[in-house]
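Have a look at these structures, which come just after this line.
Shared between the two complexes below is chain A, which has chain B as its partner in the first and chain C in the second.
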Partner chain A sequence: MTHLVQVLLLGITLGGMYALMASGLTLVFGVMRIVNIAHASFMMIGAYISYWAFKLYAVDPILSILISMPLMFLLGLVIYKFLFFKITGSPRYGELTVLLTFSLALIIEGILGFFFTNIYRSTNPSYATDSILFGPFYLPEGQVYATLSSMGLIVLLWTFLLTTRTGYAIRATMQNRAAAQVVGVNVELVSMVAFGIGIALAGASGSMIAYLFPFYPAKHWEWIAVLLSLIVLGGMGSLIGALIGAFALAISSAYVSFFVGPTWASVTFFLALFLILLIRPQGILGKKMEG
Partner chain B sequence: MAFLEVENVTAGYGNGPDILKGLSLKFEQERTYCIIGPNGAGKSTLFRVICGLLHPRKGRAVFKGEIISRLRTEEILRRGISFVPQDRSLFPDMTVRENLRMGGYILKNRRELKDRIEEVFRMFPILKERSSQQAKTLSGGEQQMLATGRSLVLRPTVMMFDEPSLGLAPKVAQGIFECIHQLKNEGMTIILVEQNARKGLECADWGCVLDLGKNRFEGPAKKILDNPRIQELYLGRKPQDRQEDTA
Partner chain C sequence: MSGNSISHETVYLGNTGAQKKPLFRAKNVFVIVLISTLFLFPLLQLFTGNINYWLHMLLYTFMYIAMASSWNMIGGYAGYVSLGHNAFFAIGGYFSASLLAYAGISPFLTAPVAGLVVMAFGFLVGLISLRTSGPAFIISTIAMVLLIKISFDNWDFIGGADGISLPLIQLHIKWVKIPFYYGMLLIAMGAVYISFRIRHSKFGLGLRAISQDETKAEVAGVPTSLYKILAFAISGLFVGMAGGLWGYYLTYLRPTIFLNIIVAAKLVLMSVLGGKDTVTGPVVGAIIFIAINECFRTYLGFTELNIVATGLLMVLVLLFFPQGIVGTLKELGKLPQILDWD
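So, the complex of A and B:
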């Protein structure tokens, strides 16, 4: 019984982080219908920002979110303006976004590899390897901090979406783009801001990955596969779905890892992906696609 | 100079063909217009041009002497033209109140926005009862009320309705027409596109028949209703019905 609870706790502490990664990805899909294959490579950029901030100036990895987020937000705006702005309205928009973000992922990987080489890196703040003990349970300290910061950011994101004028505009555009235009929302501008936010969230997750999981430029392929299964499970474009998908899969993969073996943990995600696509292709909270 | 006017407008989507082909129409203040015509005639496209969702390839739209066909939707809304699109087109996961808030999206003053929403609630008390319900849980008629209320938040002088009775039960549709009638009595200029052409024309002062992107015929709504040729072509009345009538 102790073991079962212990594994659950480990799953939860990972779930919060997955939720943050998935929120950025699903936000971008929800507002712009962009399946951002490059999401995880933006996370890698965030990871490298944190890594160098730590290495050169001893900036705490979690605090380095304050650096990586604004930088990534700006990068997101620029990329949206130059890459996606032109293809909105194209009859092949859906296909183009996949191809564009796929090549973007390759380009980012190439640039990171060129500058930082392909060796494994990891930041190592003191809390990266410590544990918090209480009673018979232990929690990896780094993971706890990462999940708490992630949840904090998600709360901020939700507060922004639910209370501000721009937040209303983003939600309106997610729910009905045509109606948003009718009430005078500049959907192009809103899309650009939402893309920036999505990329900033990727950057923040990257800062946390940097000390939890060793990374190198091509590591993003493993992450994007996991993230896509999270948001497909939750329902693409649904923020609550992303939360549910993230926790459900983090917890079940923790159990699989415990009962079957760690090598099988990652299989959980793809097994879940297959099952959900067979049983409920729109995901838990997703809406059926039209056309 | 008419209150609102489209002059020689040619418009279409993307690289597609022209939907409107040199269309000219005039709308006078405080009158109600009903535009009828078959599918693909360009009725919705006309609305999209007037409210700035689609910029014409040729020609222009003029409102109170100002050319508006190059303005963004936000600027057109500020000038007092509102559009209630087809299929209600709400924000399904937002509450009724949030939908109304979105109607006043271009208003920056929160207090003003709150007052305007209360105004809409006075006009449609049922919306107030449902204010914290998600829009998707409303009935068809309530959704149409919400879409109308959402446009009214900006206190427009011109309102365009695209197929307001589409998919509604006759009794509910009747309620919508009564609401349009009330707005008309309050001095609003109303332009209506209605698949239920007869009902729409009964509600209007002036009617026009749009076909293949052009204005085929216009005149007092009553005259159009009584015109046998138009009845045959656009009001779904067969020639033999007419013979039976005269027999």
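So, the complex of A and C:
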């Protein structure tokens, strides 16, 4: 029984981080219908920013979110302007976005690999390997901090979406792009900002995984597959769905890891993905998707 | 390619070129000459110095022609972009490899069976993943690759993540590439031929209708689910066969060689570069891509920069030439007759 609760706790501390990554991805899909295959490679950029900030200036990885987020936001704006401005309105938009972000992921991977080589890296602040003990349970300290900061960022994101004018505009565009345009929302500008936010969130998660999971440039393929399963499970474009998907899969993969073995933990994600496609292709909270 | 009489479907497609069909039209002659040249090419090994490099490049190109043409059946004709075709490649490779390692049967015999096994696998996966469309389908194909990768990494029977080594083929170094050369050539010819036949059949017409507007196609009586799943399965056939031979050629199989996402990216890029939804597009795309890549490797040598170049090329083609080389030329009316098999 203690074991079961312990595994549940570990799953929850992972789930918070997954939720942040999935939020950025699902936001970008919800507003622009872009399936951002490059999301995890943006996380890798964030991870490298934190890594060098820590290595060179001893900046705490969680604090380095303050550096990586604005930088990634700007990068997101530029990329949106150059890559996606042109193709809005193309008849094969959905497919094009996937292929474009896929190419983008290759470019980022190649550039990171060229500059930083393919060796495994990780930042190691003092708390990375410590544990918090209470009663019979323990929690890895670094993971707790990461999850708490992730949840903090998610709360900020929700406050922004629910209370500001831009937030309203973003949600309106997510619900119905054409109607939002009719009532006077500048959807292009909103899309650009939302893309920037999505990438900034990716950067923030990157800063956190930098000290929890060793990374190298091509690592993003493993991450993106996991993230895509999360948002397909929750329903693509649904922010609440992303939270549900993140926690559900983080917890179930923790159990699989405990009962079956750590190597099979990631199988949980892909099996869940296939199951959900089989039973309910639009995900738990999703609307029906179109190509 | 021209032996068949005029079929009802070709007329229906409005393909006026197919109605006359003299055997010695320029483009038929071109194909016959091309194929005979390719068949005779290895004879040079007898007369000149070592041409192993060229044999290698050609058989590598044949392999990608076969795979890109196969990809085009589902990704081009039906418009269902798959980023998971390297799963087919890997399954084909490992199927033949384990038969060689454990039962001693040559992959040259088992490669066609590998193709059929992959086809069956594609059919089963298609039953699930083709329930979705657009982005969700692409995601499901990526998931398929990763699922296969994890399974292969942990499956001790086929060597797990360490891979499996195969015995070398017992031939003098001078001849060792030649069986693979002919094998890949036959696979490439088969793939292009099937691609051509599908393009000019009612099946192909149905696939293209699905690509245009799936709901309307369904209403018009196209059995969309069946067609999509069949196209997905058939597109696995030659990829599986190529995998079977390629594993033997490398004599060493590891999941990371086959299940590298770059392999899938190449197939997409080749087809898009050459022009998807055309018969010759993937062929042209494969040849040009491999040529560019080889120059790049010779002069720059960095594999990381190679990845960047692949990505950049893909972005440029997608943004500025979404029709690809063959498609764009055709639109301009400048496509040479020998490349026009649509």
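Quick notes on this structure:
By definition in this document, the second predicted complex is superposed on the first by the 289 of 291 C-alpha atoms of A that agree within 3 Å, B and C clash if a C-alpha of one lies under 4 Å from a C-alpha of the other, contacts with A are read in each partner's own complex, and residues count from 1 in each chain.
Everything below uses one rule, namely that a contact is a pair of C-beta atoms (placed from the backbone, for glycine too) under 8 Å apart; a residue touches a chain by one contact, two chains touch by 3 or more.
Just so you know, these numbers come straight off a predicted model, no measurement behind them.
Once the two complexes are laid over each other on the shared chain, residue contacts for A:H3 go to neither chain B nor chain C. Once the two complexes are laid over each other on the shared chain, residue contacts for A:N176 go to chain B alone; chain C is not touched. Of the two partner chains, chain C is the only one touched by A:W264; chain B is not.
Within the superposed three-chain model, A:K55 lies out of touch with both chain B and chain C [touch as defined at top]. Of the two partner chains placed by the overlay, only chain B lies in contact with A:G184; chain C stays clear of it.
Taking chain A as the reference chain, the count of touched residues is higher for C when chain B and chain C are set side by side. After overlaying the two complexes on the shared chain, residue contacts for A:R280 are found with neither chain B nor chain C. Chain A residues in contact with chain B (one complex) as well as with chain C (other complex) do not exist. Of all residues in chain B, only 14, 51, 53, 72-74, 77, 83, 85, 89-94, 98, 101-103, 105-106, 108, 150 touch chain A in the complex they form. Taken together, the chain A residues at the contact with chain B in this complex read 89, 91, 165, 168-169, 171-172, 175-176, 178-186. Chain contact summary for the complex, chain C toward chain A: residues 79, 81, 83, 128-129, 131-136, 138-140, 142-144, 146-147, 150-151, 153-154, 214, 261-262, 265, 268, 272, 302-312, 314-315, 318-319, 322.
For chain A in complex with chain C, the touching residues are 29, 33, 35, 37, 83, 86-87, 90, 92, 94-100, 102-107, 109-111, 113-114, 217, 221-222, 224-225, 228-229, 232, 236, 263-264, 266-267, 269-271, 273-274, 277-278, 281, 289-291.
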